[in-house]
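One chain, subunit A, links the two complexes that follow: it is found with subunit B in the first and with subunit C in the second.
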Partner chain A sequence: MSTVKTATSGHHHHAHHYESAEHEYVTSKFGTWVFLVTEIVMFGGLFVGYILFHEKFHEMFHAGSTFLNWRLGALNTVVLLFSSLTMALSIYYAQLGKKSLVLLNLYVTLACGFIFLTVKYFEYTHKFHEGLFPGALFSYDGPEAHQFSNLGMYFSFYFVMTGLHGSHVIAGMGLITWLIVRAHRGEFGPEYYTPLECTGLFWHLVDLIWIYLFPLLYLIG
Partner chain B sequence: MDDQQHHHMIPLKIYIQVLVLLLVLTAITVAAAQVNFGPWNTVIAMAIASIKAGFVLAFFMHLKYDDKLYRVCFGTAIFFLIVLYAFSKLDIVTRIVVEPFQ
Partner chain C sequence: MATATHDPNKNYINEKSGIWSWLTTLDHKRIGILYMISVMSFFAIGGTFAMLLRWELFSAGRNIMDAHQYNQVFTFHGAIMVFMVIIPGIPAFLGNFILPLQIGAKDVAFPRVNLMSWYCLMIGAAIAFFSLFYNGVDTGWTFYTPYSISTQNGTLLMVVGAFIIGFSSILTGLNFIVTVHKLRAPGMSFWRLPLFIWALYSTALLQILATPVLAITLLLLTAERVLGIGIFDPKLGGDPVLFQHFFWFYSHPAVYIMILPAMGVVSELIATFSHKTIFGYKAIALSSVGIAAVSFFVWGHHLFVSGQSEVAGILFSFITMLVGVPTAIKVFNWVATLYRGSMRFDSPLLFALGFIFLFTIGGVTGIILAVIGVDVHFHDTYFVVAHFHYVMVGGTLMAIMGGIYYWFPKMFGRMVNEFWARISFVLIFVGFNVTFFPQFILGAMGMPRRYYDYLPEYQSLNRISSVGAWTIGTGFLVGLFVIIHGMRKGVKAGPNPWGGKTLEWQTASPPPHENFHVQPVVTAGPYEYR
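This part shows the complex of A and B:
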């Protein structure tokens, strides 16, 4: 019965190469932060490229940004910010040992990921329909394309940056699904919530990157 | 080792206040972008984004309460981004001839 599981929830035995549960927690968390540094540097290369080309072709970038619907970008910003709160709350309730609230917050976070990707799907298909493809595939034939011969570059940045970000949302949702399975088994509690903490850090980083992507791509262009 | 030492809990109220603040800052970013400040639009948008990022890092990612080690770790990423930007920019502005982009 699940009640037996619940009674022993949070009983995690740290791996033998750690001195203590605390040692395991700190090591896992620091490893996650080092991974986040590599993520920031990876996205950072794209951000630096975007900023340098934006300085050089700012009128073309502005023309490109007018094709984006800032309302959809703002909606996705709100969705991701809210999901960051629920992710943080899943850890908060694990610290209090409230299994049902851990699960509720994880399910809401996962749902926010789905909403984000659904909005992104509608944005992408709308652009594909108009021929707004990245780089050489760019086939839009409106007045802006005649004014700016390299308009495809804006959409190269748009699709690579949002695409890489979107793939991180999918990865995060996979991790959250794994957390939900483990939370159902009653594995998390005040003594052990390391996977929640580490996945949480990753999910917040995905939110953090979107905080910069939204104004850069949708607002200032 | 004290197993309870890292179990600092941020009160629920603070989490909610941080979210509200982040939503307000998002609204300000959107509003500021509707007004033409010329090149300052980029500066304003990036400044607000950095304030938002600071709140996410400090509260959602617990950097405010955690060991300094994690702040230093995060700082190295930002340091190397600044190096990447500064040296790329230095290269661009010191070129004598810049081929037009085709």
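This part shows the complex of A and C:
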């Protein structure tokens, strides 16, 4: 990116088409919010599908949710909420210019992402083991499967919704890794923390979507 | 920032050289030119498919292809023209080039995102074209389930390609919204924005609010084909009509993604070539936003015969007719601007007048189709085909051509050959009406769309239509010649050859890398002629 050092500020950067670092900051933040709107609309399509089919196959959805372990879901909820706190703290400490605390909080946030995905991995493999696959691949042969012929659809929603969410967790972890690299280089401080702020907004949205997924998938039984 | 030592011979084209400097550029003008090359190439491919379709339909029975090939050709024609030509055509190409210039900015807000959006288009297009090696796609550009789940061919690649192209559109819209909010020149209030900017802004709202729904729809369709998730598959308890709802929740607003920026171009052309303050500036500006708002509540008019409730049908029918109000406001204001204007009948104005004429026919037939009783009869006939071609070709493509000829001196610093530009207009305009007017009659007679063959009594009108199509094809070839000739041998243009009042005409042609040598300060509205 063609960044230029401005004569007035000396030690922080902004792209050539902005008037100032402040101008770049508010613009980037606004752009991130617009991007989050598109994410909400995209997940919104899934939620609409969920609502329609939940309405139509009420009891089948309840039967499906009993296969999920709500304790693991609750654990992941706590992990993600905690990671939102550490993400926010990393911005707070950047504003105070405390580099080591910025890094500590970013590492903890990243670790929370790993814990979340690890728990998800064990949940997924358990489902695969039981034959609880989406739609046409569904091969579970218990009494519930005989009672509800389309029980696979519940797992279609489960895997598509948590899968799309999980891919966002991975994307967020990639961004946080990039922030850690830049924080090590000492790029963030009270003058410049735009990438922290924007990644933080994205990370909070990813958490927020999970806050909705958890009750809709785990707690309806 | 203004520098005292700029070189007047340096501009965005000759500032750097080499293909790599173009492929990695962050300059919105260069990215606009990249889009121009891509969109024109895709248009050539999609147009060739159209010519082949009209050749096949020249006579009843088989002419040059079999029924299966025919299904593929119309699918590719539709998908290429919609996703790769008309949607990116004005915003990503003309808009990219002109938007920062018109608001007095140095670039769009996020130049790297802007370049990424072009790569999304190219990668998505490459994947979509790759489906040709997997037995093509025969679903039509709408990918209706359950057929799109079961047909054995490259549908998956086309769906993934369209998904990626969708991100190109989202990122462009995001960039434009942020740019208009945050990067306007000093003094450029919202009520001083040129009408092209209002139109692009309204379009961008649609791009960010509707396209994500297409993304999730195509993602679900992909999962449907790969994993058999069954959400749209009635065999597994799913609902194929839900796909249609999802698809049109995006694709109807997408129709306005296609036409709103065209209306913006026409507003600029009418004002400049009437040399007169535009009539009803605020009405035109707000009607763009109005069309964008209403467009989210009309998707059900694609489902009048798909099994939605009667109440829903009546509501959608009524709301669809409401679209006519802001649209008519625009048309009346354009005509009022032309009235007693100092008109210059250069080729851009000819295209603008062509737009008003053809788009009005397209719009009014849209109202006819919004009437449920009539639509049940016309649904999936050539009447519908003629209607949306009047809007998309007669509307959007006319505006793109007019816009190219209008901003050509700004982009390349040269003028096009006016005589041949007018010839291209006459061929396209006449050919267009010869092609598509008979299709209204064919549709009213009951000829269904997307069918490979037809009854003998439809043959004479089909022949007229085919001859018209080849005339349009010739017209666009002449247009291509005019553009290439203009780039190489056109007469040098000054900064403001048309006497335009908007900001892009106040900098050099072609503009320097940072657009303006001195940051412009805006003290008046965009069309203050007299």
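Note that the second predicted complex is superposed on the first by the 209 of 221 C-alpha atoms of A that agree within 3 Å, B and C clash if a C-alpha of one lies under 4 Å from a C-alpha of the other, contacts with A are read in each partner's own complex, and residues count from 1 in each chain.
Here, contacts are C-beta pairs under 8 Å (C-beta built on N, C-alpha and C of every residue); 3 or more make two chains touch, one makes a residue touch a chain.
Fair warning: this is a prediction, and the values are worked out from it, not measured in the lab.
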{"item": "First, second, both or neither for A:30, with subunit B first and subunit C second", "value": "both"}
{"item": "Partner chain(s) touched by A:190 [first = subunit B, second = subunit C, both, neither]", "value": "first"}
{"item": "Which superposed partner A:152 touches (first subunit B, second subunit C, both, neither)", "value": "second"}
{"item": "First, second, both or neither for A:182, with subunit B first and subunit C second", "value": "neither"}
{"item": "First (subunit B), second (subunit C), both or neither touched by A:92", "value": "first"}
{"item": "Which superposed partner A:126 touches (first subunit B, second subunit C, both, neither)", "value": "neither"}
{"item": "Which of subunit B and subunit C A:57 touches, first, second, both or neither", "value": "both"}
{"item": "Subunit B versus subunit C as contact partner of A:74, first or second or both or neither", "value": "first"}
{"item": "Chain touching more of subunit A, residue-wise (subunit B, subunit C)", "value": "B"}
{"item": "Contacts of A:45 with subunit B and subunit C, given as first, second, both or neither", "value": "both"}
{"item": "Interface residues of subunit A shared between complexes with subunit B and subunit C", "value": "23, 26, 30, 34, 37, 41, 44-45, 52, 57, 149-150"}
{"item": "Subunit A to subunit B touching residues, read off their complex", "value": "19-23, 25-26, 29-30, 33-34, 36-37, 40-41, 44-45, 47-48, 51-52, 54, 56-57, 70, 74, 77-78, 81-82, 84-85, 87-89, 92, 95, 149-150, 190-191, 200-201, 204-205, 207-208, 211-212, 214-216, 219-220"}
{"item": "Touch list for subunit B against partner subunit A, complex", "value": "1-3, 5-7, 9-10, 12, 15-16, 18-19, 22-23, 26, 29-30, 33, 41-42, 45-46, 48-49, 52-53, 56-57, 59-61, 67, 69-70, 73-74, 76-78, 80-81, 84-85, 88-89, 92, 101-102"}
{"item": "Residues of subunit C touching subunit A in the complex", "value": "26, 105-107, 109-113, 170, 174-175, 177-178, 181-183, 208-213, 215-217, 219-220, 223-224, 227-231, 233, 236-239, 242, 246, 514"}
{"item": "Subunit A residues touching subunit C - in the complex, by the definition given at the top", "value": "1-2, 15-17, 23, 26-28, 30-31, 34-35, 37-39, 41-46, 49, 52-53, 57, 133-137, 149-150, 152-153, 156-157, 159-160, 164"}
